[in-house]
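Listed next: structures, encoded as C-alpha cells.
First chain A sits with chain B, and in the next complex the same chain sits with chain C.
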Partner chain A sequence: MVGLSEGEKQFLRGGIEQDLRSDGRTRHQFRSVYVETGVIPQANGSARVRLGATEVIASIKAELGKPSLLHPDKGKVSIFVDCSPTAAAIYGGKGGEELSMELSVALERCLLGGKSGAGAAIDLSSLVLVEGKVCWDLYIDALVVSSDGNLLDSLAAAIKAALSNTGLPKVNVVLGASPEEQPEVDVSDEEFLQFDTSTVPAIITLTKVGKHYIVDATSEEESQMNSAVSVSVNRNGQICGLTKRGGAGLDPSVILDMVSVAKHVSQQFTSDLDSEIAAAEASDE
Partner chain B sequence: MGPPPTLPTSHSFSSPSPKTLQETKTPFEIRFALLSSLSIQNHGMRHLKGEIGVVSKADGSALFEMGNTRVIAAVYGPKEIQNKGQQMNNNEALVRCEYSMANFSTGDRTRRPKGDRRSTEISLVIRQTMEACILTKLMPRSQIDIFVQVLQADGGTRSACINAATLALADAGVPMRDIITSCSAGYLCTTPLLDLNYAEDSAGGPDVTVGILAKMDKVTLLQMDAKLPLDTFENVMQLAIEGCKAVAQYIREILLENTKQLESRRGS
Partner chain C sequence: MRDLHLSLNQTQRVRLQAALDQLESYAASTAAAAASVTVADSIPVNHEDNILKGHGTSDLDGQVVATLCGVVERVNKLVYVRALRSRYKPEVGDIIVGRVIEIAPKRWRLEINFSQDAVLMLSSMNLPDGIQRRRTAVDELNMRSIFVENDVICAEVRGFQHDGSLQLQARSQKYGKLEKGQLLTVPPYLVKRRKQHFHHLDQYNVDLIVGCNGFVWVGEHVETSEKESTLLSDKPSGKQETDNSVPLETRRHICRIANAVRLLSVIGLTLTVESVTETVEASLRSNIEINEMLGSEFYVQTVEREAQRRASMVRKRS
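Then we have the complex of A and B:
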C-alpha cells in the first residue's frame, strides 16, 4: 500500500488542480513508453512494455484447436493476467488473484468484444483455418513485473506489441474424405503470417482525483482517486469498450467529457506506441 | 521481424530454445540433444547474466540468467512483521520466500494454481538457504520478503532463483554473512555435467543441486534425485561446487560493478 502523509496528499492534489503533477507532467500527459519485443523465445510473440516504473510482459502462444459449436467461423482468444509478487508484496500468496482477475476481465471486455465475439479488436474470423474444424487458439498471458499504477493501459499496450510481434505458422489442411474424419494438418516451420494489429485499440484510463481527471496515474495518484474510467479507443477514434472502477459516482455529463478526452489522448498515445513498436521490431531483427 | 523461434527446424541446437528441448522426446532425440550440447558447451557452465535493480519499486531486485533459464527476484524489507502469528522468534528477523512460475515460462503452456506442491517446496528450499546467510539476529521483530519469479525455465531454476535472491538481498542492503551461490551438476553417458538444462535433466540421470557459502566454503543446500555410486557422487558434487564458485566469482564482479556505479553517481 502507498503510505502518504497529509502534506504529501495536499501537494499531490494541489498539483493536479494546477495542471502540474509531482513528476512534472500535465494532467493529460503519459509517461514515456518503452517497448521491447521478442523477449520470450518459446512464445509465438512477446513484448515487454515499460511505462515509468510500471513494467509488464505479454506473451502470445498459438495452438491448433477446434472452433466452438456456437461460433464455427471464429477462433478463440483468452487473456490471463498474473500479478507477480515481485511487483508488490501484497500480491504474494492469494493476494494478487482478485486484481489479476479484474484486469483479465477488463482486458477481455476491451479487446475481445461481446460474448458472440462481435466487435472484437482482434479479428477472430482470421484465426479460422477450416470452418467448424480447425482454428487457432490464442493464449495471451501477461505478467505484471513491476507496478507503479496504470496497469490496465500498460497491459493493453504490451498485448498490442506482442500481437504485432506474433507470426502464426502457415498451415496446410487436408480435409478427410468423409466429413466426420479429422482433417490432417501440416504446420509449416518456415512461412509465417503476420498479425494485423492496426485495429487493436489502446486503453486509456482516466483517474478522477478531486475535481479533475488525469491520465496514466502513478500508484501514489491512484491511492487518491475517487473513481476511474477506462476507455478503449481504436485508431479510427471508435470506442471499443468501457469500464468504470472505484466507488464514487460520476455525473453522466462528466463521463461523456472523459470519453472525449480519452479519445483525444489516445491519438497521441497510439502513435507514440506504434513508433516504439516499430523501433523495437527493427532492433529485434 | 524474423520468424519466431517456436517451431524451429528440428536440428538447430546451436541456440536451444526451451521449446525445442521440450519437444525432443524420443530417446534418440534426447541423446542427440545431449551430444550436441556436450560438444558445444564442453560440459561447462551455460552463459551467465546478472542485472541489479530491475524492479524499481522493490527494496532490492535482480535478474539472473543461466543459459535459457531466466528469473527475477525482488526483496521487500526489512520491515515490520505483518502477520504476528508467523513470528517464531522475537530475537530474529522472519524470512519469507515465495516462488512462482509465469504461465509462459515453459514450452508447453500450463496454468498452475498458486502454491502447488512443487513451488511450495522450492519456496521452502530457497528460504532455508537464504536464512543461512542473512544475519537475522541484527534485525529482531522484522520481516524480509523474498519473491522469485521464473520467466523462462530451462533446467536449474532452483539454482538460478538462489543466485538471483542473493543479488537482490545484496541490492536491498540486507546484512549477510557471505554470498550464497548455487549450481547443479549431473552425470550422463559416464560424464559428469555441470549446470544441466531441461533436456539433460529429463534424460533421467541424477541431478545434484548444491548451494554454498562462497567464502566460508560451506555447503548449505544439497539435493539429489536418482541413484549414483558413492565415488561418482563425490566427483559430481565437487563439480557442482566448482560451478558454485564460478557463479560466486561472477556475482562478486556484478556487485562490485554496481557499487562502483553507485559511487560515481554519488559523485565522490
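Then we have the complex of A and C:
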C-alpha cells in the first residue's frame, strides 16, 4: 500500500467533504462494474468481477457429500478467500492470511447466515438430494487478483455472479433396500440445474472518512478511513448481515443512517450487477 | 493506472473497432511502426557485418528475433529492443515527479519508477530561506522540515553516479513539494520529452506536471515566483485560506483533468498538455459528467476523435 503525503490526504478528505472524490464520483457512487462468467472451465461455476482496478475471481465447485447429523435437511457451503501476491507484495508468503481470513469470515457471515444455516442467502435445503443421505457440498473459492479497495463488495458480487453461472448436474439417487445402505447415485453429465441467485445479497461497504461516509472506497481512500460498516442487503431491501471494521467507534444513529444509505445504494448496484451478469452470460454462450 | 475494462454495447463495439482500424492504418505508414516488433518477430540485419545482439534479442536458426514487444534501436553494430512496458529510463535533464520513501544522511530517497531509487542530496536543492551556503549539521537535522516521507516532489535529473545510482536536483522555486492535488501514474512511454513539463492551465487554475517518469501531478495552481518574499505580509491570511481546502470549482477541474489523463493512459495515447486539454474540452462540450469520462461512451468518442485528428493530419501533409 502506497503512502500518501499530507497534502494528498488533505485533498482526498476535502474531496469527500465536498462530495467530489478524486475520480469525480460522488460519495455514494460505485465505480463501474465489469463481469465475466465461466472463466474457469473445471469449476461448476465461476466469474471474474472488476470494480475499477480491483479484480477478483470466484469459483464454485460442487461435490456430493453427506449432510451433517445435526442438520440432515441442509447442504454444506464453505467459503475460502485467497489474496494473490500479484495484488500486493505484502500478500506474499503468509502476509495475506490475516486479510484472507477476515474476508472469508465476513463473507460467511453475510452469505451463510447463522451456524444452523438458518437465514442463509444460499438456500441450503435446495442442496439436499436425499435427506440425511446425500447432499451437495459447495466450495466457494475466491481469489483477489488485484486490489484497489472495496474487496468485500467485489468478492460478494463475484460470488453472486459465479453462483448464477453455476449448473449443478442432475442426480438420480437409487435408495438401497435397507436404510443403512449407501444409496447409489447417478450423476448426469448432460442435464444441469440452474441456481437461484435472486436471494443472494449484495454487500455494500460504507467507509467513514472524516465526518462523511463513502461507498466503494479505493485503496487510497481506505487508507484514510476511521471505520467501515459492511451491510449485506438482498433484493427486497432486507438486511442479511452487518459487520464493522476499523478501530474508531460509531454513534448508533450514524449506523442507522449508514444502513439506510446502503439499502438505497444497493438497489442501484444490484440492478447494475444483474444486467452485467446477464450480459456476461449472453456473451458466454 | 491499470487497465480499465469496459462493457461496450454492440454499436459502441463496432464504432471502436472502426476507429481502431483507422488508427492502425495511419500508424502502419510511419517509420516507428516499421521498427516496432512483437515477441518472435525477426529483426532484419545485414548478415555480412557481424552485429551485436543487445537486450531483448535472441538468435534463432541464424535469425535475430525479438524476445520483447517494443521498438528496435540500432547504435552502430548494436541492435536492441526498447521495451514499451518497462520502467522509466532517466536521461539527464528530465523533469520527474517522485515520492519520498526514505530520509538518509544528507539525502532523500525517491521512488520514481526507475529500477532503483533516486537520490536527492540536501546539497543539491535550494534551502527554504534561499541563501546559498554550506549545509550544516543543523540543516541535516532539519531535513524533515523540508520533505518528509511520502511527500510528492518534483525535481530534475542531475546525473548518474559511478555506481549507476541516480542523482536529482531541485535548484529552483518551481521544483519542490507538491500539495493539494492528486498523483497519477501512467506508463512512462506515454510521456515524451519536451521543452515544457510544467503547465499552468490558466483557464482552470490548475497545475499539470507531466513527469518524464510517468508520474503526473494534477493540482491546484500555486504561485512559484519570488513574490513569496515580497508578499510575506499577505502570507498568513492567504495560507489559512489555502489550508482549508481546494475550492469546489477548482476541484472539479482537477478531477476532470485527472480523469482525462487516466482515460488517455488507458487508451494508450501520448500524454501532452494539448491532448489532455483537448480531452477535457471535448468532455465539457458534450456535457459528460466527470466520473462518466471513464465510461465506455466517452472512451469510444475519444478514440474516434483521435482517429479524426490523425486523418486530418494525413490530409494536410498530402
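FYI, the second predicted complex is superposed on the first by the 285 of 285 C-alpha atoms of A that agree within 3 Å, B and C clash if a C-alpha of one lies under 4 Å from a C-alpha of the other, contacts with A are read in each partner's own complex, and residues count from 1 in each chain.
Just so we're on the same page, contacts are C-beta pairs under 8 Å (C-beta built on N, C-alpha and C of every residue); 3 or more make two chains touch, one makes a residue touch a chain.
As the structure is a computational prediction, the values presented were derived from the model and not from experiment.
Aligning the two structures on chain A places chain B and chain C in clashing positions.
In the superposition on chain A, A:Glu17 contacts chain C only, with no contact to chain B.
When the two complexes are overlaid on their common chain A, residue A:Pro85 makes contact with chain B while staying clear of chain C.
Legend: residue contacts after superposition of the two complexes on their common chain; A:Glu276 is shown touching chain C, with no touch to chain B. When the two structures are aligned on the shared chain, A:Arg25 is found in touch with chain C, with no touch to chain B. Using the contact criterion defined above for the overlaid structures, shared-chain residue A:Tyr34 touches chain C, although it does not reach chain B.
In the superposition on chain A, A:Ala53 makes contact with both chain B and chain C. When the shared chain is aligned, chain B and chain C each come close enough to touch A:Ser146. Judged by the touch definition given at the top, the superposed model places A:Leu4 against chain C, while chain B stays out of reach.
Which of chain B and chain C touches more residues of chain A: that partner is B.
Across the superposed pair, chain B and chain C both touch chain A at residues 53, 146, 148.
Of all residues in chain A, those touching chain B in their complex are 37-38, 40-46, 53, 55, 57, 59, 61, 63, 80, 82, 84-89, 92-94, 97, 139, 141, 143, 145-148, 165-167, 169, 187, 189-192, 219, 281, 284-285. If you check the complex, the residues on chain A that touch chain C are 2-8, 10-12, 14-15, 17-18, 20-26, 29, 32, 34, 50, 53, 146, 148, 276, 279. Across the complex, chain A is touched by residues 1-2, 5-7, 99, 148-152, 177-183, 219, 244-246, 248, 251-252, 255-256, 258-259, 262, 289-291, 293-295 of chain C.
Against chain A, the residues of chain B that register as touching in their complex are 1-9, 17-19, 54-58, 61, 68, 72-74, 76, 96, 98, 100, 102-104, 106-107, 109, 111, 114-115, 145, 147-149, 151-152.
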